[in-house]
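The following block contains the structure, expressed as structure tokens.
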């Protein structure tokens, strides 16, 4: 069948289940870690784990790993512009207190 | 199946596309672009969250400590399971296992309702505790925690807005999966034409993805008491 | 300041006029010279990298001059000089309320002496307004819930327009007033007839006692709240490890949302005064706290000299 | 009108393919949807124009004597909302883009025809929300919806209007999404990216902004509605919120939105300038990439609307610096168009007159934008008539002129008939003169210190305001004329033929009006864009 060769890559069921298991374990880890007081590192750790989970979901459940470059660029662009929104807004909030007392 | 795979594909080819390849690529790319808009849509809320969290950190800690971590964690697990059944369902569509696909998608729907049910329990609890922004907002122990109830209200405003919008996406997702189940049952899809299944799958995983971030940001801010 | 802004402005006008004329004349010249009837066959030209670079890099270079020049002016505008005379302003729909340090109040009219630096400390009691005096080339939005400030240095006696430049509702265009710049002697005379009941700092001190602040914030020793003598304008170590500058906004926040920034070594026990103090009272309280940090001029300030000495 | 002979000659095209209402309202044909958009945005343009006339009449005298201050506030608010969200943003993309992008890439339709139709319905629903809110008493927040005024102090129909904008936002998102997918996936064989017409490039760039920016305004406007309904405190300083957060989120979209408006207009100008100087565009790659650069850099500059709003001094410096960068690609475009004229063979048909007007006025609009990026000067002129003049030079002098030029250029393609050239030239002249008379005095007013959104003003500003109002009446005449002769031309205009301008580009290789399927067979492209060198230089058959 001519159409056959264009069909998308089929990922093995075991990969899906494996990813699922990792995601479940990471969910457990993130909950457990949250009970340990690590100061600023709590949020860093929580977001790192969330990002690992999100990456796994995007790459495998959403097949980005097997998708065209265009799709990958699209996803990266979205993250980039979200980052711009957050980072450039923060340039205001983080530096508002800098210039409060008179100069000279 | 009454119709062969090829017939399904020929029937599904819209007049303005040259071939199935072009149609499928367009449809998938369109879906990803739509997800980009969804990311930016939630992005506005994440921006507000980031700014207020850095401004009113103790209030956010106090607010997050009223969250039930176990319900939140369970819901995270429920969504991950639903994503698995969704992914396997799409795989069945790729491999012509229509019945199995329908079953897996039904399981996905069940997980979806489970998530909403648990969320409803949490919402109910917040509602009865007056943890809903507005004139009736109350937060017991704000003074003891040494934070202004007003700032905790901002935490709850963002909590309700973010999880509410997420829940709305879940409801829409359940509707879409139901549509796929019905169409799939009627034999609308084949390995050469399953873009709707795949796209609804992408949407579902995206909604899961948002929750993966909402959970640590809203529930796990800090366990330390007394701000 | 006005002359500096004008300098940059007319530089911008000159550069813009040059480029506008350049484009206009080129378009006109080409359009006439190569009109269809005179030049029936077009000649294909692909483009030219050197030209592209020229008209990318030259505008970039010129715009960097604009940036640097504009930024320098802005930095000056953003940093009020030390020793500026301070005037508190409260914007409300649809009027300006001013209060001088010496306690005179006026509405939508601002009397100031010529030749002095004037710093405006402004807040709004409803929506966003904007303090705009075109003659001084300054503009600053006036926000609810926060102090913003700007400054100027009037050099000529006269009466100038004051506008609200941020849309604020029905009578936005009626939220206007005038800035009256006077000779210093005339200003002193005006102050004398101003009907002031005590200086702002003195009024602030009275409020400080009335509201019960003084029971915890004792002037002689550290009470349940920190001693405020000599605090203003200096960095403050917070309980959570951060350091903040004790400026007008810090004092405001400490009154309205005391738990947000708790001073190191103290408990978050202070109640909020939100809803109990007006914007004007806040100004007076800020002025009082400020006066506690200026022990040497405190004859009229209201701070007990003994306390000031002890803190040093 | 159609005799028996003509009906046999008349070939099937998108216009005569069904005449009943259903064939229009349920159409999935991008060309019909473009016509639906044309009718709807023209309606909204005249609604917005009506408000503008009342504003100018009120400002004829210093005292606020024609309408009450509340009415005046509603007028400029509704003028802004109508023009920005319901005319400028959809204008070139949703009308000309919808019609032309598939034709230019050699496709039968946009990638998602049903979503395209949905997008028009969303526009109509959004417009209905806005119009109903206006009829019920209007809204007085300014088109910018600044908090806390919009959330706490305004007593007008903020939520209804906000929902209208929210819904219309999705119309814009779907249009952008459709364009991006179409341009990526549906180009005809041989039509590489470097052979793509610049109109497609610029619509592609604008679509990027629609897809990336519009969702942010959607959520922001939703939060405003929630704040108003439930007092959630996110933007309300009395509840601990920060009103500047609203401004950040608002301008994150609304500054790039300016480029949604101007970029497609720039695309139109590239098409017109090349056609009427019979030349390949000078520096094709630079013009194309400048569009993308504007789209991306446009996202980095939003806080230059907030220099005096109380943001951090350091953030202001960063945003000022970045703001200059976005000016560069616009300058590059201007220079390239000018260079394209060099050694061309230039005709002065109406579209070209509009293009000349665009180049001149956009140059002024762009350069005065540089004034506003320069913080020291911005402090003085922001929120004055200087800003009003600046953005009207860009939006009206730039965008509307480009739209009008494009409409004249492709009118024969869309309808199969020519507009009357003499009247069109007269109207172009009226628009140019009227526009400058209206808005140039406002630069001076702004520098003198007249704040915007003022119902009454000090008497020393009157002379310039009278000039401005006089110009506005000339401008209005310039806009009403085309309405009349375009309608007239539908019946009495000369038949255009497939290529009245002897232009290159796939859209000219199919009959006018195009058949429903656009092309008899999918074209194969073997030539570069704007290949006027190999276009036989025959005398233009009609319209002269």
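Letters A, B, C and D mark the chains as written, and numbering starts fresh at 1 in each.
One rule holds for everything that comes next: a residue touches a chain if its C-beta (ideal position, glycine included) is under 8 Å from a C-beta of that chain, and two chains touch if they have at least 3 such contacts.
It should be emphasised that the depicted structure is a prediction, and the values quoted were computed from it without experimental measurement.
Number of steps on the shortest path from chain C to chain D, with steps defined by chain touch: 1.
Sorting all chain pairs by how many C-beta pairs they have in contact places C-D at the top.
Chain centres here are Cα means. That of chain A falls 15 Å from that of chain B. One finds 45 Å separating the Cα centroids of chain B and chain C. One simple way to say how far apart two chains are is to compare their mean CA positions; for chain B and chain D this gives 35 Å. Residues of chain A found to touch two or more other chains are 70, 77-78, 81, 85, 89, 93-94, 99.
Multi-chain contact residues, meaning those touching two or more other chains, occur in chain C at positions 78, 257. Multi-chain contact residues of chain D, defined as those touching 2 or more other chains: 184, 212, 216, 240, 244-245, 248, 252, 313.
Residues 184, 212, 216, 244-245, 248, 252, 299-300, 302-303, 311-315, 318-319 of chain D are the ones that touch chain A when the two sit in their complex. Interface of chain A with chain B (complex): residues 1, 3, 6-8, 10-11, 13, 16-17, 19-20, 23-24, 27-28, 30-31, 34-35, 37, 42-43, 46-47, 49-50, 53-54, 57-58, 60-62, 67-68, 70-71, 74-75, 77-79, 81-82, 85-86, 89-90, 93-94. Contacts from chain C toward chain B in the complex involve residues 240, 257, 259-260, 262, 267-269, 272, 274. Of all residues in chain D, only 64, 69-70, 73, 140, 142, 146, 148-149, 152-154, 237-238, 240, 243-244, 277-280, 282-286, 307-310, 313, 316-317, 320-321, 324-325, 327-328, 331-332, 334-336, 338-339, 341-348, 356, 359-360, 363-364, 367-368, 370-371, 373-380, 382-384, 447-449, 451-458, 532-533, 537 touch chain C in the complex they form.
Of all residues in chain D, those touching chain B in their complex are 107-113, 115, 173, 177-178, 180-182, 184-186, 211-216, 218-220, 223, 226, 230-234, 239-242, 245, 248-249, 252, 517, 522.
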